[in-house]
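Labels A, B, C, D and E are assigned to the chains in the order they are written; within every chain, residues are numbered from 1.
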Amino acid sequence: MNAGTSALALHYLRVRRAGRDVLDVPHIEVDVGETLAVLGPNGAGKSTLLLAAALLLPADGEVTIFGEMARRGVHVRLRRQTATVFQDAALLDMTVRQNVEIALAMHGVGGPERRTRAEEWLGRLGVAHLARQRGHAVSGGEAQRVSLARAFAVRPRLLFLDEPFAGVDHATRATLTGELRALLAAEGTAALFATHDHSEALLLAPRVVLLDAGRPLQVGPATDVLARPESDRAARFLGFSVLGPASCTLLGLRPVDGVTRAAIAPEAARLDAGGVLATVRRVEAGAGAGRLLVELASGDSIAIARPVETLRDASLAAGREVRVAVDEARVVWLAR
Amino acid sequence: MDLLLDALREAVRLLRTGDGDVYSITLRTALITSVSTFVAALVGLPLGLGIALGRFPGQRALLAMANAGTGLPPVVAGLLVAVLLWRSGPLGALGLIYTPWAMVIAQALIATPLVVSFAAAGVMALPPALHLQIRAMGAGSAQYLWLVAREARLALLVAVMAGFGGVVSEVGAAMMVGGNLAGETRVLTTAAVLEVNRGNFGTALALGLILLLFVIGVSAVLTTAQARVRRR
Amino acid sequence: GGDTAPGAGPAATTTAAATTPTPTPTAPKPARPEVILATTTSTQDSGLLDVLVPAFQKATGYQVKVIAVGSGAAMQMGERGDADVLLVHSPAAEEKFVADGFGVERTLVMHNDFVVIGPAADPAGLKGSKTVAEVMKKIADKKATFVSRGDNSGTDVLEKNLWKGTNLTAPKGQSWYLETGQGMGATLTVAREKQAYTVTDRATFLAFTGKSDLPILLEGDPALLNVYHVIVPNPARLPKTNTEGGRAFKAFLVSADAQRMIGDFGKGKYGSPLFFADAGKPEPVAR
Amino acid sequence: MNAGTSALALHYLRVRRAGRDVLDVPHIEVDVGETLAVLGPNGAGKSTLLLAAALLLPADGEVTIFGEMARRGVHVRLRRQTATVFQDAALLDMTVRQNVEIALAMHGVGGPERRTRAEEWLGRLGVAHLARQRGHAVSGGEAQRVSLARAFAVRPRLLFLDEPFAGVDHATRATLTGELRALLAAEGTAALFATHDHSEALLLAPRVVLLDAGRPLQVGPATDVLARPESDRAARFLGFSVLGPASCTLLGLRPVDGVTRAAIAPEAARLDAGGVLATVRRVEAGAGAGRLLVELASGDSIAIARPVETLRDASLAAGREVRVAVDEARVVWLAR
Amino acid sequence: MDLLLDALREAVRLLRTGDGDVYSITLRTALITSVSTFVAALVGLPLGLGIALGRFPGQRALLAMANAGTGLPPVVAGLLVAVLLWRSGPLGALGLIYTPWAMVIAQALIATPLVVSFAAAGVMALPPALHLQIRAMGAGSAQYLWLVAREARLALLVAVMAGFGGVVSEVGAAMMVGGNLAGETRVLTTAAVLEVNRGNFGTALALGLILLLFVIGVSAVLTTAQARVRRR
């Protein structure tokens, strides 16, 4: 590990909570200026990972921030190089502007500049009009935005972002992701970024780590990991349908090298008059996309991407028979 | 029952005429209890915060002591301080026994565990996420303590009021180390006890009522603060 | 004059100071002005000290700190050197105190007397009895409710002696024998509420007149004499004490002025004095 | 208003908070069995609307639930026909299962059935393994799921859902939306559903109301409202780019009936070698989609939908020149 | 200083030999203070909850009274109860004066405002969202109160401990209405005062220490509960 290029290095990081190992990470590293996205199902340990890395949760193992290993006495100094946006943005019981100013004060920013910088960032996050409102009297998304303003305003070298856009409305979210990306690049800020949104991960992070049950499941370039899961669990979490040998045969998919399980992205499946017969189970939606869940004769289910506008069509009602085809080129074969 | 009416009338009379040094006694009560409460707050609030927040050996023992100390009988506290301050005691040379300062010391001893215990309880009741938020902002120890205290300010006010209530109403320690000297260490409670001993129950009740008036005035601060928070 | 009513409230201090004729101050400002007087509750609760102490302070420039506790506690303070002068009424304990070398210059100041009071209905039939021995025996025989202070005060010690005087076993622990462990005032209130017999000093009793509906059932027995002495702690044994101040207060108590104030105290309000000045008289013998 | 068909009717509902009118709704009605989605930017008043409708916030005006007007004394009875999932799922300080059981107990469900039903629903929401964990010791998304289980378990006739899937991972979210839709249909449950996700609204709600600054901006069928905003504000909130006359001219768009402002969905714009010259401002992402923000010579910006995988392409870096075309058929002309 | 050692030795001796009825006095103390605390909790907890949660006229006045009542001097409370219970008083016929019941009444009067004030403060400190959650589940008034109380249980325990601490240490009311009658209404505090009056300061301190032992035992419940919450 090179002190000059590593913003954050975690070694054999373990957290026990309520008697369970909720985090067990052999090694994760974030380079200076790099953004690493953390994806994983609910309860995977994303928040735990961020808190432990931000030195906010006692953990076994080593946390190294810009080359300096965290140990008693240096925590505050190390934390001042970072800023954290929590999943549940909790503002202090003071005005919104003071909430930002207080963080600036801790980073040694002088009085007059505190105020201008606080107002600047509240403005950039579209909550300048709330500056004099009390921190407890804002809406969920507003609190999230103030929390982002607070984190950005201190100009940290390393950012911990825990689903920071979860409660933010879509128009603002798009703007914010765009600004965040520009900002991180301009300031050379590193970030560890927990999210459930693949598009955000793809935009912001060159690399992602998939976390599951506290352990890294897959690490790599964002486009690779999201498009090519390496295990059943990863595939299912990423929204792929996992098919066994019977289904593969049914769909005419020829496995490579004796591997028999196929992961199929919803976009790789389509309704096709020439396809295999299947029964509609239900329609699903989320994250801007629609999916039709159908069951094959083999018993496996397969999700098919559908335009959201068609989701309420009566032709897709549960129990209907449809014909399904899969784009063989886009099938991901699972070794495990 | 007539006694109650008498007492009310007597209280009004005392307040109107200022008889029996009632004003100077009330002023002295205010001064002594404020100073003791202030000392107890000065010592007790940081201790309470520390016990609630820190992780150090003996922390639980301290909390247990403070919790138990809320039941420290004033007369025992008074006796302890008296033993120290008597001329024959180790600090006798200071000549503090039977002075307001002795009362302040004994009362601070009574109020401090109250402040510590209630401050600690109040701080422990804060949402756990708050602590993370404050630390995450890069707070040093002092800033952390300050911000936590700020968030818990109502609970800390309650703790200080508990200390105040404990000393303003007590009589054992005030008697023991103050000596209930007229014009020097006589406060409303000890004056009331004297009147009880003299069989002047009406006057005693009147002094009690005056004390209650004073306490109502002081505790109005708390009630007002609570009402403001509640309205949100 | 010294007719300030006992129980007139804290006002007593100021009014008394204003109206007491003061001897011309001759002494220069004392070197150690603070004098701690350990005394019994009866002198404080009756209001006598509210008259005496300001007069003394005015005359001499001393500052007296009156600590009113039971005679037992007062002598404890004396033994430790925490008091500069004692005004107490527990002769046997006083003699031991002096004999043990803790006190010197024990001087007679005043007396009043104890009385036996009880319910008007007088279930034990004390009325008409001549001696306190007779009275105590009747109470014990009838197992009539009796309230004792039980606090080692002068009054308490005297009362305990009264039982001994009748050759009865000590009544402690008997169901009819209640120990309050409190001062005279509180004990009078308990006696009133329990409609019980008790022994009280006359000063406190008079101060409580109107608040206690128990009549006097026996008085005048020489055995009921209540004698107050002033004692100065032994400076040789207790060097830290303010002997000078203690002696000054002692001297004041036996001075003609103070003796007059003592003799006059309470006359106006109760028609009879609460205390009788005794300075210079021989020690009373009957106990 | 017909008592037989109306699940929820709000009349002249107004809420003041901290001296501001944060809600001011003349009329909103939800039919029995119908789902109405509430969309709106952060701070629009969605949560306030739900709380007031659920009789949890004092408000001026009338709230009628299944034909019975809310007034002193009937609140508890009316509330028992409803269930609410809050934006910030707060669980009580007891076990997760007890959190569900306690709600069932309030709805008069007997002891043994409480337990089976609680376990059934925790299972359906994928948090059965947490049944014995304390309510305060679960992750954000887990708490959200427990909160959903609690709401569904009581089989309410009217559901209030405040961004219930915001913290839920995508795979689960898809499943849950699908199940929720089936459930609402099967049980004839009505719902008022605040969300930021258009796909969820389109799947679950036949009708949506756009809320802005406490006031309904547009109400109608979900597909209409989301595809055809009627005002600048609605258009911008829905992610449309709003172009003035100069830009329209530049792009060769001919306004209808003298109206001069065009709202353009990101999907209606594309990079096209034959298009108009524009400068890349930045890339954005969110809700599964990517967008390229470019600035026209006229000064207006226009967002163009892009596949998320391409977002980090160097060719889209800020400052680059691109050529943009708009699909005229898909332009929405704004009257105001 | 020697006095402290003496007191410690005396405390051990008293506990070993059971001299001076120390066991029966301690038992009586335990009984009387438990019953008064229980009564105060029974009255004070619902009142405190009600004041913190409800919206009714006079609510703020009640809170102000409770807050002020934490400074109610025991001797005044004792006197008030005594006036009622004396033979001459309106309830004199009940014959309660100088019985443990009288002490319970007076001590409950002292403890109730403490319980009310601290319970109300504790409940007000709960997160506002909690109330919405509970109501949203369809809670009726009783269920609502119960669940809020359950969430605030630590704060309510603190409130009850405050009441307990207030009565276990007080002496004014116990003396006034109990009379400190040996074998009947003598408790550890009044016994300690008696020993002070007798000049037996060592014994007085010893009794104080025994009282503190008792209080430590009782308050350990609170400390343990707090430690458990803190560990999370």
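Keep in mind that, in the parts below, a residue touches a chain if its C-beta (ideal position, glycine included) is under 8 Å from a C-beta of that chain, and two chains touch if they have at least 3 such contacts.
The structure displayed is predicted, hence computed values, not measured ones.
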Chains in simultaneous contact with subunit A and subunit C: B
Identity of the chain that, by mean CA position, is farthest from subunit D: C
Centroid distance [mean C-alpha coordinates] between subunit D and subunit A, Å: 20
Gap in Å, rounded to a whole number, between the CA centres of subunit B and subunit A: 53
Subunit C and subunit D: spacing of chain centres that average the CA atoms, whole Å: 87
Per-residue multi-chain contacts in subunit D, two or more chains: 88, 134, 136-137
Sites on subunit E at which at least two other chains make contact: 127-128, 176, 193, 196, 201, 232
Contacts with two or more other chains, residues of subunit C listed in rising order: 77, 183, 186
Pairs of chains found to touch, sorted by chain label: A-B, A-D, B-C, B-E, C-E, D-E
Partner subunit E, residues of subunit D touching it in the complex: 51, 54, 56-57, 76, 79-80, 82-84, 86, 88, 90, 92-94, 102-103, 106-107, 134, 136-137, 150, 154, 160
Residues of subunit B that touch subunit E when the two form their complex: 1, 3-4, 52, 60, 63-64, 67-68, 70-76, 79-80, 83, 89-90, 114, 117-118, 120-122, 124-125, 127-128, 154-155, 158, 161-162, 164-165, 168-172, 176, 188-189, 192-193, 196, 201, 204-205, 208-209, 211-212, 215-216, 218-220, 222-223, 226-227, 229-230, 232
Subunit C contact footprint on subunit E (complex, rising order): 86-87, 97-98, 175-176, 179-184, 186, 190-191, 193-194, 196-201
Residue numbers on subunit B that touch subunit A, as the complex places them: 127, 129-130, 132-141, 143, 147, 150-151, 232
Subunit A partner contacts - residues on subunit D that touch it in the complex: 17-18, 40-43, 47, 87-88, 130, 133-134, 137-142, 144-145, 163, 165-175, 177-179, 181-182, 196-200, 202-204, 206, 223, 227, 236-239, 281-291, 293, 303, 308-309, 311-312, 318
